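Have a look at this one before I ask anything.
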Amino acid sequence: MSHGGGFEPRRYVIGQFAGPEAMLDATRKMRERGHKKLDTHTPYPVHGIEEALGLGRAKIPTIVLCGAITGACLAYALIYFMNVVDFPINVANRPIHSAPANIPIMFELSVLLGGTSSFFGLMALMRLPEPYHPVFEAESFWRASIDGFFLSIEVPKGQSPEAVAAELKSLSEVSVEIVEESER
Amino acid sequence: MSSHDQDPLQDHPEDHARSTPSGNGASSGSPRRISLPIVDEALAATEAASGAVREQRKYWRSIAEKEGSPKLAAAAQREFPPGASELPEVSRRSFMKLFGGGAAAAGLAACHPSDEQAIPFVRRPEEVTPGNALHFATAYGVEGYGLGLVVESHEGRPTKIEGNPDHHDSLGATGRYEQALLQGLYDNDRAKQLKHKDEPLSWHTFLSQMATLSGRHAADGGAKLRFLTEPTASPLQLELRKRILEKFPKAKFTSYSSIAGDGAADGLRLAYGKYVEARHELTRASVIVSLDADFLGEGPESVRAMRQFAGGRLPGAPMNRLYVVEPALTVTGMSADHRLRLRAGDVAGFALALAAELGRRPGFAQLAGIASGGHGVTAGDPKWISAVASDLIKHRGQSLLIAGRRQSAAVHAVVAALNAALDNVGTTVTYATPLLADPLSGPKALAPLAEEIAAGQVDTLVITAYNPAYTAPADLKFDKLLARVPNAIYWAAYEDETAAVSSYVVPAAHALESWGDARATDGTISLVQPLIAPLWGGHTDIEILGAFLGEGDLSAYEVLRRSWAAKQASVPGATGEFDQVWEKWVGDGVIVGTETSPEAALTLDAAAIQQGLGALLAAGPKGAGVEIAFVPDYKVVDGRFANSAWLQELPDPVHKITWDNAALISPAMAKSLGVEVERDNDKFSVLVIEYKDRRVHAPALIAPGHADDSITLALGYGRTGAESVASGVGFNAGVLRGSDAPWFDRGAQVSLATGMHLFGLTQNHWSMENREPAIATSLADFQNPRSEARELLEERRAALPTIHEPHDYSKEQYKWGMAIDLGKCTGCSACIVACQSENNIPTVGRDQVVRGREMQWLRVDRYYSGELEDPEVIVQPLACVHCETAPCEYVCPVNATVHSDEGLNEMVYNRCVGTRYCSNNCPYKVRRFNFLDFTSETPAVRRLGMNPEVTVRSRGVMEKCTYCVQRIERKRIDTRVAGRLIEDGELKTACQQSCPAGAIEFGNLNDLKSRVTKAQADERRYDLLHELGTRPRTAYLARVRNLNPELAKG
Amino acid sequence: MLWARTPYARAMETPVEQPLEFDHRHHTRDEGIDCRYCHNTVDKAPFASIPPTQLCLNCHSQVWNKSPLLEPVRKSFIDNKPLVWNRVYKVPEFVYFNHSIHVGKGVGCVTCHGRVDQMAAVEKQTPLTMGWCLECHRNPEKNLRPVSEVTNMTWHAEGDAEESGRVLAEKNDVHTRTSCTTCHR
Amino acid sequence: MASTATSASTTRDPLEPIPLIQGVQTDESLNTSLLDHVWRSPGKGWWTLFGLALAGLGLLVIGVTVTLWKGIGMWGNNIPVGWAFGIINFVWWIGIGHAGTLISAILLLLQQKWRTSINRFAEAMTLFAVICALLFPLIHTGRPWFAAYWLMPYPSVQGIWPQFKSPLVWDVFAVSTYFTISLLFWFLGLIPDLASLRDSSKKPLQKTIYGMLALGWRGSGRHWAEYKWAYLLLAGLSTPLVLSVHTIVSFDFAVSILPGWHTTVFPPYFVAGAVFSGFAMVVTWMVPARQFLGLKHVVTMKHLENMNKVILATGLMVSYGYAMEHFIAWYSGSQYEFDEFFQVRMRGPMAPVYWLMMFCNVVVPNIFWFKKARTNLLIMWVAALLVNVGMWCERFNIIATSLHRDFLPSKWELYAPTWVDWSIYIGTIGLFSTLFLLFLKFVPAVAVTEVKELRHELAHQAHGHAEEAHG
């Protein structure tokens, strides 16, 4: 484990709050003070988090819509090609191309592609699975999934984490920790 | 990918017994290989597969693979006992003798001796073209007469049996038994080893022993030499007989068949003073009265009778009218316009009553006299009788009365008198000198022989009759007697009950392995030629009889040829080089001009009848109590076909029983006995029937239309021989049978036994539930355009509204369709066996039938209507009707059943995954599913008889009637190569070809002149389940009943 | 899916061992013997059929009748034990292929069997998959030739193959079908 | 600390007469109490049940092996009864599956608070039911080794395709989609809980396993933002999916021409039936589960009562379906239809099944008109059980009974299941139970995260109200 390869560890300031409200408040303030790379860590979605972090509109819905539409079109095209174009067979003298018979599969495929795209789209957006993340270095971070409310700030190069930590402390009742990405 | 999954057999298109399941599932697993040189050899000898023999060997190896398990390997070894390996030698030797054995003419491909096929690939015979079938004419008969056959053969392996159109009794059709011959030929259970007291014996040793024997008998003129043969009309047999009797003047021949009736011979003798036999001409008969005669269902005349009878069932032309008097429903009874149920014993009473009734009418005084001889014995509803009488008088000269084989001499005599009085003799019935060797050949004929044996007057008994130890009347204890005969020489088809007690067992060559000759019922002679070398070195009865003339080493072929060479002159028009004449005879299958003409000057001796009657009636069965009546079974006859799975699984034409016989009783009798019915009308109480000192346990079956206080028992079951299929099926009704009253007698005690019996019925439901799938109407109604019946017919063929235009097939060259005439169909069920044979349909066994998994593609539905005690019956053959808008097709997920360009509803076995959805959605329920692997354990030898043109279906695959598409495609290719169209009538489906009544028409609906198009345009035409809009290609023609106004109900 | 499409999976393009060194090149090219001399049922039966030993000896009783190469043939003829060839072209057991109709309507041997006249040992040239059959059954034109030329290994339509095909289809009354029962029964 | 009788007003939702969460709970207390059973080594009860389940599974293995080895002939099916136990069980299981999706998806869309404590449970049930269902379409075919892929549209060397007019092909798509979506939906909801499992696990092995499953979830606000949407959308998709799936299953019958199958009322009536049987199944499992897993404080009587109300409602819909069937059979004037319903089903050899169905599905649910019944554990459990039986009988009626006597009396046959049929059926119940018990052991049976969220919301509201009261 040499410190070679010009490895630049990311540094984080992590504050744990008593409850969601305090956390939200601090988040907002820190953002107003021009901190960019903020993120919160909570056991359950906290109301107003988007606004506090200043996030835009969610992207998932668009992705899912595309998926669904693709599915429907794909289904119809598939059936049309197979039963009408490539090998039309006289089945019980029914019309070779009969739209009503295609509807069920169109629907199913649109749901399938819609659904899968929502899941895998989400994974892509969240960059998960990601087994390691520097914030896990924090002592008490394990509470984040149980009852802890955290705010993490990635400290840009050139800035000193201590300063940021101090700044955070000055804002509210919080226990602050500074962690550094470990090389792997 | 699936299309190339390896199948043990897939790699030789020239392998003709496509005897592994189709589709690829069958080939899973790595089969163990065991080498069966004997299998290879023996079958190589029998098989003349084309192409490289390697394929053939590979084929047999793959059989070995199939039978890779030790158990099966052992079985395979058993198939080929020691001695089998020398088969090829035997064949080749006899081949040298047989060489040049006749060639076919009359549109039949050239014929060649079967033995040459033992050595196929080194020198290929001229006429063998790989993959093209040949056809050979021959003949076969159950009751002494021969029915002309044409046998299809693929590279020397008989694969299908058809009727010979030029034959007087066949007219191109066959019955159930002929169709099933193939199974008898390729039957592993056949007797294979010549034995003396279980010591294997070579043919030569046998011959020498026979020589010494006959030497000994010659000393005393054969005083202790007896022959027990089947009833036969074969000229060659008669000739041998004559010569044997010349050599052994004191020897005796006895003809015996347990199903032959002696009443006719004696009755006619009484009437005409000498033995004559009756011949019936139904075409000329407009009123037919059957007295317990099942002339449509059984007997040497039945195939022709059906065609002739059916000819008179068209409402367009003058129709015939059939009255039937019988105890239990028969094929004839089902076709009757009026049926009177009477105990078999009361039929005599009916005959006399009818005679008396006619006697009261002007001009029939003579009959009155005869009737008076009956001393007041009478039976039957007077109203009915008088109606029949009037009808008979009305059609004087064109009426016909037939008495059944079971009936006594008295009945036959009276019937003869009636026919004479009604001027029918010479028109609808003629009398001729008997063709059969012995006029009397029924159970009674056996009694004298039995006495002689008992008295120790028989040293040597040569038995070529079928299984007397089993079929003989119980009181003779014939099996015990046989054991006492020092030299009982049994010509055994199987190691059956008789073989078990005979000192010599000579394996019989199968009819399709034998040379010989036979006579039709009009005397026309057919030559019988072999289609294949004896599979297990069997010998013909000719050779055995020959042994007593010191000609045992002569082959049957030689004996036959010699005798005909000598007789050539006697045949009118048979002039010229004998070889050519011979070849024509063999090729045609009939020797034209050999029919015998009926006796011209016969005078009925009324007085004799009048005197004779009393005695006869007195001798006949009488007394009170329940009547037991025996019938030859519709499937196994007297047991001789009991080892044919096709016939065992064939639903009984009337009661739809498979793999069983039953005690048939009337509903009323069932009630009085307290017979219980469980499950879905297919589980019945078991009865104990006691008669004299004999008793049997017999499961009851309620038979609508059966006479009360009478039990009908079918013979031929409860076999105990070494026949794997036959043994243990049903019960042996024969144990009740006495030689004094072999057919029926009263005084049986019947009681309920404990326990129930579950029948393998293919149809448990009697009623049509007011749905009228099979339409029958009276002539009167049919002729009235405004009648309900006519409206129903109209409605069931009217065009139905549809949301999208039906596909247009009129542009196609062919548009296949079928028409089935319910007016003609008698329900005889020959078509089912034909279909089974043509399409390699497996049999599934009793348990599977019970579960409702029978595989026959074609079924014949039977419905009762009216009151249960005396119902009207209608039968309806039903296979896939090839709907144009087939419900089965659109539900199949994999395109395994679709429509062809010519409108066939195709079933693609190798694509089918077996969801069974198609069957669920088929309103006719004509699809069949391979629930288990029904095919892969088919014995190697059995596969030789399979149709190479039809894929054998694997487990988990749906199958159904294809309109014999393999025949269509072959004919199409042949005609297209020849650059012409298929003509109407040159293409027949298997069912159509076998149908004796000619009830089935098949052909091209785009050809306006074709028979099927005409049939479908008939006024009686209607579509089954028409209201569902399935547009079936098979149309039905309603049955029209020609009712007698005097009797018409309501 | 791809695997099934490789020549290997289809047993193509691999010469097959035979019990004796029979060389089609020699017989067809050098001696100019017509295919139908040996495969003499090809135009009247489903099977082209592999010739009986007797047929080999028609010639080889005269020519090369001492050649050791032909020992197996003589042996087969003398002790009546057939020659055991190895099959090259296999169709599944549920497929009913009929040579006579194809030959009769002008499909050349070479179309399916390739340049047999250039093969020392015969090898499978075509996949024989259902898809492959269908191609031709859907539009046969490009595979048609005058019936007189069916055994010609080198025949080529002069001019536009498609066009001449159409003419021939007309002339030979070619009527290909894709209904299942055409091949599956 | 699982459940304390004294319900503190702090967490009382004024709109909810009965509290959804009982006792004073903190996030941590909930966490420990709800995950407790995962850490606790299973008790005797669990082991005995698991043993039984495994035995059942064994039966399944035997049954399936025999079927594949010898063929469908080992079942009771015949001609005419081409479909029987196989499809009956298929439909039955699918139906059961549906309730799960509905509970979690629809209730989520309707913002039903009481959903949270049972949705995880229900989703798991869906998943396992669908697994059981999926088994049947495959093994019921004659040649599964082909059915497995010939129904899929792939470019084969035969150049032939599936036949898309066949409802069976629709089924393939519907059921496989349904399984995939249910799985994703379930797993997505599970991720945060897996994270809390990871973080509260004591042993390193557990930590790594749950860690992997949690995919490195760190409750990031940015993630939550998208996550909520994704979850909502999946729910949104699942709802119509459920309806479509059972509609398509009903097409298998409705599209045919068989009397008793050929009915337009099928789609809605099948869906209703599905929910009906599904909720019944949830109750059958929930009643004992909440007992043994100590979930009484989250799965309260209120939840059970609500479910019983749904059972009552859907039961009435099903009854309406039956009424319609019979009415149309008479009104259509089709003799086949009429005989099917008024002869074959009511009086035929299989009538007992029909009447049992009528009792279980039409009579029994009406007991839930009474609050006593709705809130009595024993009564509701028995009733739910009966409903499950009834719904199985319904499928038997529709499939086997309709088939065994259709158009032509000549081919009417009885149907009787064999031991293989039974062992496979019981076997799937074994499979279901096995999976379910494993689920109960290794995964939080209740959506911890959502309960915490709910608690937080409720606390908030309560707080608000408290202030109003003061002011």
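Odds and ends about this structure:
Chains here go by letter, A, B, C and D, matching the order in which they are written, and residues are numbered from 1 within each.
The definition used in the following text is that a residue touches a chain if its C-beta (ideal position, glycine included) is under 8 Å from a C-beta of that chain, and two chains touch if they have at least 3 such contacts.
Keep in mind that what you see is a predicted model, and the values were worked out from it rather than measured.
By number of C-beta pairs in contact, B-D leads over the other of C-D and B-D.
Taking each chain's centre as the mean of its C-alpha atoms, the one that lies farthest from the centre of chain A is B. The mean-CA centres of chain B and chain D are about 58 angstrom from one another, to the nearest whole unit. Chain geometry summary: the mean Cα position of chain A and that of chain C are 64 Å apart.
The distance from the centre of chain B to the centre of chain C, with each centre set as the mean of the Cα atoms, comes to 45 Å. Across the assembly, chain B contributes residues 1, 3-4, 23-24, 887, 890, 892, 895, 898, 900-901, 911 that each touch 2 or more other chains.
Shared interface positions of chain C, defined as residues touching 2 or more other chains, are 1, 4, 129-130, 134.
Touching of two or more other chains is recorded for residues 156-163, 165, 169 of chain D. Contact residues on chain D toward chain B in their complex (touch as defined above): 70-74, 76-83, 140-147, 150-151, 156-158, 160-163, 165-169, 172, 252, 255-258, 335-336, 339, 349, 403, 406-414.
On chain B, the positions that touch chain A within their shared complex are 804, 806-807, 883-890, 892, 895, 898-901, 1031. Touching chain D in their complex are the following residues of chain A: 20, 27, 39-46, 49-50, 52-53, 55, 58-61, 64, 68, 78-79, 82-83, 86-87, 89, 91, 94, 98, 101-102, 104-105, 107-109, 111-112, 114-116, 118-119, 121-123, 125-126, 128-133, 135-136, 141-147, 150. By the touch criterion stated above, chain D contacts chain A in their complex at residues 26-28, 31, 153, 159-165, 169-170, 173-174, 176-177, 180-181, 184-185, 187-188, 192, 195-196, 198-200, 211-212, 215-230, 233-234, 237-238, 240-241, 244, 247-248, 251, 449-450, 452-453, 456. On chain C, the positions that touch chain B within their shared complex are 1, 4, 9-10, 41, 43-47, 49-50, 52-54, 76-77, 80-87, 90-98, 100-101, 104-105, 129-130, 173, 175, 177, 179-182, 184-185.
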